[in-house]
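Each structure below appears as structure tokens.
The same chain A turns up in both complexes below, where it pairs with chain B and then with chain C.
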Partner chain A sequence: MNRYGRWTAFREAGFWIAAIPMLLPVYLVLTTVLRGPEARGESALRPPGDPTLGNMERAWTEAGGGTVSFSQALVNSVLTTAAVVAILVVVAAPAGYALARRGSKLSGAVFGMFAFALIMPIQLGIIPLYGFMVDAGLTGTRAGLILVYAGLQMPLAVFLYTGFLRGLPTAYEEAARVDGARPLRVFAGVVFPLVRPVTGVVATLTGLFVWNDFFVALVFVGDTDKVTLPVAVYSFVGRFAAEWPLIFAAALIAAGPVVVLFGFAQRTIMKGFTSTLHG
Partner chain B sequence: MTSIGLDHVVMRYDGTQAAVDDVSLEIEEGEFFVLVGPSGCGKSTLLRLLAGLERPSSGTVRMDGSDVTELTPRLRDVAMVFQNYAIYPHMTVGGNLGYGLKVRGVPKREAAARVREVADLLGLGDLLKRRPTTLSGGQLQRVAMGRAIARRPRAYLMDEPLSNLDAKLRVSMRAELEQLHRRLGVTTVYVTHDQVEAMTLGSRAAVLRAGELQQVAAPQELYARPANAFVAAFIGSPPMNFALATAREDGLDLAGFDLRLPAEHRPPVAAGERVLVGIRPEELRAPQAAGKDACALRVTCAVRQNLGADQLLFFPVPQLPYEAAVIARATFAEDRPAGPAVGSGERLLCARVPADVSVEPGDTVDLAVRPGALHYFAPDGGARLPSA
Partner chain C sequence: MKRPGAVPWLFVVPAAALTLLILLVPSLVGAAYAFTDWDGLTSPSWVGLANFTEFFDDGSHVVGQTLILAGLYVVGVNAAGLGLALGLAHTLRTRHVLRALFLVPAVVSPLVVAYIWTFILDVDGPLNEILEAVGLGSSAQPWLGQRNTALAAVAIVMVWQFAGYHMLIYLAGLQGVQRELLEAAEVDGAGPWRRFADITLPLLRPALVIGTVLSTISAFLLFDQVMALTGGGPSGGTDTLGTYVYEQTFVNGRYGYGSAVALLLVGGVCLAALVQMRLLRGRRS
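Now for the complex of A and B:
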């Protein structure tokens, strides 16, 4: 069936060519990280003659050019991301359910508000938001950072849940109600499991955003021991201004968990994306 | 065992025409009651009102004499089988069967035993661990039934449960449903648009049109003495023939046929007045099978459909356009899926005769109808008129 013929080979070559813009930077990062200090003058395009993990080690141990060790930043990132995703799922799923099932004008308006928030850039509101967070005493705290992230990503999460739930037949919920389930139980036992694909999408999109975000973390927890990985990586830039091998090594470490997670959950995540598209 | 009552129930969705319009009904304990009507007649809404999924705009719903109008589905304790089954896709078959028991706090051990019992009853024993996505339509249908049965509810509400099955499976499931009802004896309200299901399943049936009750009676009564022209046209397949006739001293002038009728079978209108006459296709017989006092009709066969044991002969009779309009209005033809074909200036009537009568299109055929088989309806409104 899938004989590897001339046409297949042609297409494969096409894919590789299309992938070059993606793969080249990755290649440069790898060669830079693996090159020892004695070979620093070589072209970045040349494969390192004597590969070494020294840069990785130094980035992990010596890091903390800013206020916090690199391993602490990793912990911060994990905690922040997990908390934000959990809050989003716990709040946005019921919110989307209510918006999808209530036909009132008010819920239409609320949904419109979320959709509007979706297209507003964070930079527009960052100054008043920062002022408010200072007044509330939440700047520089992990709780404050989590709150900002959750608020920032809530429109997307609510939007995704509402859209999916609008396409979900009400018969399942009605069957559960007739079976004797109370409203909370209908949601927890029937609706929430049925929107699992969206939960996967929400977790992926918002989790990646929080994990990779630099701006919000810098503004709200910069120069504290709550900084997340992107900010910690940035702190190397100041201290090792010329030490690209260390910066790249730190970036590699930061990307590691995401790559591993995606490797495991790839199938589920892709299923979530496609089933959302189909409603 | 539960009796169900509806008193003057009205259901109106935001100022539109009432989906259910002043319906009063008594459903007895253990009865198999069918709600039948064309799509959009309000039968599913009525069922949802019984389940508690909707609150009526006015009127009361009673169960065993007590008012349940304001009760949630949970407190009404009825089970519903949905048209598309609504089997929870994230649970196994066993999980689906036991869900109602679980949420109602039935002890685990007892719930497991009941699930097993129901699974055996319906032949689902080997499928308990399977996911619904791996089941066939017929199996899903059984799971939906099983979920209702396992609960041991006060009543079953079924919303077109067989309409997603193929024709053969539907016939066998119909028989199974009937057996099941006889065995369990639980009050069942069954919604269908299929008059065959209404005829075969119910001990009684209610015919609905545009949210209004047309007639509540045993299936045979609906067939033999329809309360109006709509019920007459809806019940029976192929549908009843209609023609506008003129009464005479000694009988009827029916679309050019001269029918002489004994006094007790004459229409209850004065000579010269118009009356809507209905004749079931199976009552248009070969003369030798129709009896002595039958009225003869000589017709020309236009179309012949062979059904195996029987054949349908369609023959044209003259009809003025205004007559067609009167008939369509009196039988609410726009509410029914397929009215009889109406050509310009003529109307095709249908006779159902045994297949051994050899007829070809174009042949002249002699038919006969018993005077007692004529149904009379008022041309204006379609109400049944008793024979004089």
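Now for the complex of A and C:
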């Protein structure tokens, strides 16, 4: 029933036509960014006659007077995302290990707590949390932002690790334990290398969340020089509405890394998206 | 085989502590603030259900707008995702390229995507330009600047970004549909529509539940796209629960009132998640 006939070729063409709306915004961003200031009034639909990288350079260095340049915001995004992912992996993997291997009522209850936290949106807690962070002197700091992101994404990371480890045979750990290895040794030497597929999923999913998030960064580091890319784009638009060539240059700086990551880690990302669906 | 005591509890402590500290304890405190008039400066005093009654009087348009937007988005994104999944599940030679193409927007920041569309949908933007070029100039309009199109425009931008993500959900669901079954039905003379309605669709039920609930929740919590596309305007016409909570708390400093609305929002999300679990479990047993 799945022969490739005329009807299928027709369908294939149809899907490519349907893909035009997916590609058109990319085209418009590129023509707008590459158009020099002297061709300002031209339609975005038309390819730029004399393409230039001037807008990219301006966004990169001066950001047109925003709080930070987009290169600084890029550095902030990289540092914040990397730190959050590192904390999540180091903290959530052992937690998932313990929850998967301890069959007691208590571990069921703790797992229930993480499951509840998983469906808990941040909207309710963010106000008191903001108060806590002010008291602790952590608002407007990178450490504070990292801590918040790590806490918010922890339930997802623990959930993914626990689920995977529950299905993993215990023979290797048992062998290591019989050889006299301590729990931490067993975990670091045997278990952690075995859960690498989940570590990839955790890193891509939580990394994407932190990289793309706007709300949390706006609340905790908005108006400081620690802002991540989405907030930098937002405050830039607030100051220079309709400066589209620069805004789109910033959009490229923000979206470029994840699109490249998508190119390389497409399968991990797809697996990550679908592995969160079975909760 | 599991020997209790082998893995120390200490392994769970940092993760549990961080989750409690950042998410659960603040949420509990927030739930308590919902019954106070706290403004972030003076000490809060108990006001009972006053915040909730105020919201039901003043905020009902926000609930209405959130529900309209959720309705448009849920139907749009699931129809598009299902259509893409059915078309790109097999046979087409370029299906992998097409899948990737439709999925790419889902990994980009919603805020950035929304700004790109602010430009496209502008009165003088490329969309109206295209409409004029093909002789539909009379239907060119300020899509984001008028009440009757702004909400739908926000929904369309969201569908554009997340149709590919929902395609993944339905592609995963289609793996449970056996080809043999469909082929047998074809041999028995069932047409494509009968095969879809009687075989594929019932087997896709779990995926449909997940797709519907996830899109409902993200419509409830929607914030970034509205902030970028319309800022809640024109004249509050695209304010949704997510942006309303932000404005009331962080802009107007009404922490107590904002917490009450957030509590209702969280209640809605938890309810949606519970419905999902119930529907999925009902199917498994």
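Observations on the structure shown:
Here, the second predicted complex is superposed on the first by the 237 of 279 C-alpha atoms of A that agree within 3 Å, B and C clash if a C-alpha of one lies under 4 Å from a C-alpha of the other, contacts with A are read in each partner's own complex, and residues count from 1 in each chain.
The rule we apply is simple: a contact is a pair of C-beta atoms (placed from the backbone, for glycine too) under 8 Å apart; a residue touches a chain by one contact, two chains touch by 3 or more.
All of these numbers come straight from a predicted model, not from anything done at the bench.
By the touch criterion defined above, A:A176 lies against chain B but remains apart from chain C after alignment on the C-alpha atoms of chain A. Within the superposed three-chain model, A:T61 lies out of touch with both chain B and chain C [touch as defined at top]. Of the two partner chains placed by the overlay, only chain B lies in contact with A:G189; chain C stays clear of it. Once the two structures are overlaid, the count of chain A residues touched is higher for C than for its counterpart among chain B and chain C.
Once the two complexes are overlaid on the shared chain, A:L229 sits against chain C while remaining clear of chain B. In the superposed pair of complexes, A:T268 makes contact with neither chain B nor chain C.
Of the two partner chains placed around the shared chain by superposition, chain C is the only one that A:I122 touches, whereas chain B remains out of contact. Residues 174, 177 of chain A lie at the contact with chain B in one complex and at the contact with chain C in the other.
Taken together, the chain A residues at the contact with chain C in this complex read 1-2, 4, 8, 11-12, 15-16, 19, 21-25, 28-29, 32, 43-45, 91-92, 94-95, 97-99, 101-104, 107, 110, 113-114, 116-117, 119-129, 131-132, 147-148, 150-152, 154-155, 157-158, 170, 174, 177, 183, 187, 208, 211-215, 219, 229-230, 233-234, 237, 244, 247-248, 251, 254-255, 258-259, 261-262, 266, 269-270, 273-274, 277. Contact residues on chain A toward chain B in their complex (touch as defined above): 169, 171-172, 174-182, 185, 189-190, 193-194, 196.
In the complex of the two chains, the chain B residues touching chain A come out as 51-53, 72-74, 77-80, 82, 84, 86, 88-90, 99-100, 103-104, 147, 151, 157. Looking at the complex, you find that chain C touches chain A at residues 1-2, 4, 6-9, 11-12, 14-16, 18-31, 33, 40, 87-88, 90-94, 98, 100-112, 115-117, 119-120, 125-126, 129-130, 160, 165, 168-169, 172, 179, 182-183, 186, 210, 214, 217, 221, 223-224, 227-228, 242, 245-246, 249-250, 255, 258-259, 262-263, 265-266, 269-270, 273.
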